[in-house]
């Protein structure tokens, strides 16, 4: 039986959500996407550059089989975020949005209050809402209560690459909500992603960890394997931790 | 070009060394071995049980393509360890040995002084010596100087499952020796193994993490992927860590 | 020149805020208070037990020189919290309140949205508001903008004793707000408190760490010293961290 | 009843051992010593500079009440270390020595094998031996068995200021030996010292953390308090850790 | 008249003031605060504020907390 | 008439529809979305919605992001 | 003669070789190694090495370990 | 005679004792320790121990360390 991730009405066999920012060029992006096996890809909404006709349209470089997850990056109020989602829906012809209402240009932390406000509106307007949020069990619960299809707590600040700074909070979130928990932001390397899945998270969304690696294609492959490894380790049920352990080799039958 | 691990005259494409202890039965062991993709398998040397004629011979359950790595588990002096290695060579028809001279039955920590003594003898006798040792850069250097083909510092106590307790020491060891560094003992779950490879270690040896998982075969598969993920992430060159990062989505072109 | 902590119009030479809950009896509480050197003491507001006339009034056991900091523990909405503060002001004859709007009975995490709502009301009503909040730089900034006199991010869940789970967030908060940052909740032992001050926090509020120690008076003394130690270490300017260091003893003049 | 640290036949009420290296000048050193309350002070043995007659003799700046603990810093063999201790005994008129046999000029890690060799000789010659050693329970046990009066595992590399990198090993050492455990090397700030005592260690030896702070006198005071705080917290018996805790304020009597 | 005091409905003499209620209950007013129908009653108002049938009164004090 | 398109004021022929504006600008409508005076215009409305002097128009597309 | 095999003293026919001992014990020599009086006996020596009264013999094999 | 003191070869008057050498060098003996040919010389021996041509002498003291 397939181990599928269900987000609203969507189902995915890959648990890696990948971004489209910061790549050297679209060809590099496409190669990384392919190596990653991701089925969901985040994109941002921006004004068309009216002067730059004929610029390579990024969407041509995204595999048609991938689901688009437009984000509201750069929005600082619920109103801007809602407007951006409405434009995104026109563009993507899809209902999924990554809701991201930032509180601060420097740290790129989410604004919990505005995120909640926007989520309540967007759910009513029929969006499948995946909100980026602090690692706050109560904010996650309120987003679930508002009808969000998943919650996406940060591992660490966007672009920091620090990994899961507070696994305790992630564990508490996993005990608190029933919708999927996707770790969003802060993953830096493969083991960070594996740890998220081992804690029981349902997926990981990342951009910089792949795009800013020296070799993005190899890192994309590493992330694919790490996420599968973390998921399998979670399902396999790890050994207990002890201060000291037991010998792996038997005590009986030592030579005299 | 293949990314091979070289230990003395041996070459392996898998960087996972797997054990044979603590499995429910030999069939479970064999299934885990297959899922792991390991090419090196540790075994212990013990008195044949003269009463138990016809007992299933473990070696029949180990794939012929796997290299045997006999250990000296249970030895507390250099003398016992050397003797055990000599017997092991007769048995395995191979030259590789996992040298393990313990200092204490409770913690199963190695005895650095006795391990050094045994290593010096074994290298002279033509063994390819892989010593289990503390995460001590000087002990590792002296083992390399004695002619060991690799060093195998512990991540954490044998059977503890605590993961790499002191990545600083592992990093210093990697800067100090030129022979391969195989993390031995203490790995508990997939991300622990990935972290070892991301630090630059050349392989991981484990037994309990797989054998004592609820589903050893699934954990073996997780470990295979985690080690490949960690190695690829190491080779890919991870993004830098920062206290805060940079937006993944561009600042230009926000709607007005 | 005295190193004073300023909260609104109040000034304190001690940076330890101490609670009144969970003590064996009021005498034990008083002894711990004295050993702690604390100048601010938290209290809760509850219905008077009309049946229990003549019960020992807790306030008789609190030194008159200590400032009372009534909390709104147990409130789950802004409305309840505001009402509780109004009652507390009648009781304490003071203007300081510890605003605490919980989101969940199990984890006792704060509800950011309701806390902000309550803070805005209370500041307008003239309270000196010290809100308990998640370790969220944006929530802290918005509380500061609302006029709070300090912010009190949690180190870890109330009563958990886990210490500062996410020092990165605490550092970012310290860079983000100008009002004092008091770590509230989650401190378990002396070093946890020292670490808060070393990070640059201005004070620590604790209850369980002292009240639930085997010897609360000795732990109160430990906390007093730890907070002074942490503050002095912060002011003294610690040595830089390195992967390896330099010899403390000179290299010149070794005997030949 | 006084809480004394006993090392061989010596007794100390302070648990802080302080160094004499890296200070700006002797006056700064003396001021830091006084602020620290230390009763044991480490010194190195070096050739007298025959050209520099009349140079300020360091010993004039060390309080006569402090016990001298000469070290063997800079020695790389057991032989050199033993010779240095013999000279030191002539100089200090005391029997205590800090045995330090290094394995490597870069990392300044101890050489376990040579340290053991030297310790066995020195104990026979009547020294009270305090060996600097890795955080290795077996090496510590063998040093105790050799007759050392204490063991001094490193927290982290000398001069690194990283704090206790592997508290698990320190805990295991505390369960393994009966002689006092003094953490030597690697402490960077006050909380690092407090943590050592909270784990149950009996003292801390430090030099760089104080001498290389921006304000050594203030840091010395911080260390004094931190060590007392850590010791008291250890004796007081800390609260248990939990993933979430219990409310400090009662659930009964909430207003309706 | 019937008052609900701290959640308990009971009969009290008509025309009690807040001060009178506290006296009736044997409570010294110093370290309690009183709310009538969700409105805090300042101590200065205690002698004047007259209670009516059906009023909901909360009488609170400080207890241990953190 | 004067329209503000993506923040730039410019002159355009009177009576343009949204579709006409996109054509005028040389934009294929497929992968852009259009907002007129803060209201999103669905693609089906492009041929019909006629623009007026002073309208503020946003023409957006997807770009790389995370 | 008396031999101590894997710690157990037992009687065996005089003049056994190592190969003879293994055969006597019903052990196929393939996956065991033999030590006589703390000296490992290579497989090629099994047919020749004759055991004497009082010899201490270890017969070992591989078992599960980590 | 020639002595090597702290690694430096120099000429000294014949027949010096350790005490004499220290005096010659202007060193107060209190806080130094002396080694002659790898053997520590206890302070009590300083007046008696006579140095010979070719001796290697170390004169050490305490310096700052950690």
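Think of it as A, B, C, D, E, F, G and H in the order they're written, each chain with its own count starting at 1.
Assume contacts are C-beta pairs under 8 Å (C-beta built on N, C-alpha and C of every residue); 3 or more make two chains touch, one makes a residue touch a chain.
Treat the numbers as computed from the prediction; the structure is a model and nothing was measured.
Novice: Would you pick out the chains that touch chain D and also touch chain H?
Specialist: Intersection of chain D and chain H contact lists gives C.
Novice: Going by average Cα coordinates, which chain is farthest removed from chain H?
Specialist: So the farthest one, by centre of C-alpha atoms, is F.
Novice: A-D versus A-F: which has more C-beta pairs touching?
Specialist: A-F
Novice: Determine the centre-to-centre distance between chain C and chain G, using the mean Cα coordinates as centres, and give it in whole Å.
Specialist: Between these chains, centre-to-centre, one finds 73 Å.
Novice: How many angstrom between the C-alpha centroids of chain D and chain C?
Specialist: Distance between chain centres, rounded to whole Å: 33 Å.
Novice: Please tell me the distance, in whole Å, between the geometric centres of chain A and chain G computed from their C-alpha atoms.
Specialist: Roughly 63 Å separates the two chain centres.
Novice: Can you work out the whole-Å distance between the CA centroids of chain E and chain F?
Specialist: Here chain E and chain F have centroids separated by 66 Å.
Novice: Can you list every residue of chain E that touches 2 or more other chains, as numbers and ranges?
Specialist: 6-7, 35, 58, 60, 63-66
Novice: Can you list every residue of chain C that touches 2 or more other chains, as numbers and ranges?
Specialist: Chain C, residues with two or more chain partners: 19, 21-22, 44-47, 71, 73, 83, 87, 107, 157-158, 162, 168, 172, 207-208, 211, 243-244, 247-250, 253, 255.
Novice: Looking at the whole structure, which two-chain pairs count as touching?
Specialist: Final set of chain pairs in contact is A-B, A-C, A-D, A-F, A-G, B-C, B-D, B-F, B-G, C-D, C-E, C-H, D-E, D-H.
Novice: Write out the stretch or stretches of chain H touching chain D in their complex.
Specialist: By the definition above, chain H touches chain D via 5-8, 25-27, 31-35, 38, 40-43, 58-66.
Novice: Show me the residue ranges of chain H that touch chain C in the complex, using the header's touch definition.
Specialist: For chain H paired with chain C, touching residues are 6-7, 35, 56, 58, 60, 63-66.
Novice: Can you check the complex and tell me which residues of chain C touch chain B?
Specialist: My answer: residues 168, 171-172, 243-244.
Novice: Where on chain C is chain A touching in the complex?
Specialist: Chain C reaches chain A through residues 103-104, 107, 109-113, 116, 134, 136-139, 141-142, 156-157, 162, 165-166, 168-169, 172, 176.
Novice: Note which residues of chain B are touching chain G in the complex, please.
Specialist: 19-23, 29, 42-48, 50, 53, 57-59, 68, 70-71, 73, 83, 86-92, 158, 185, 205-208, 211
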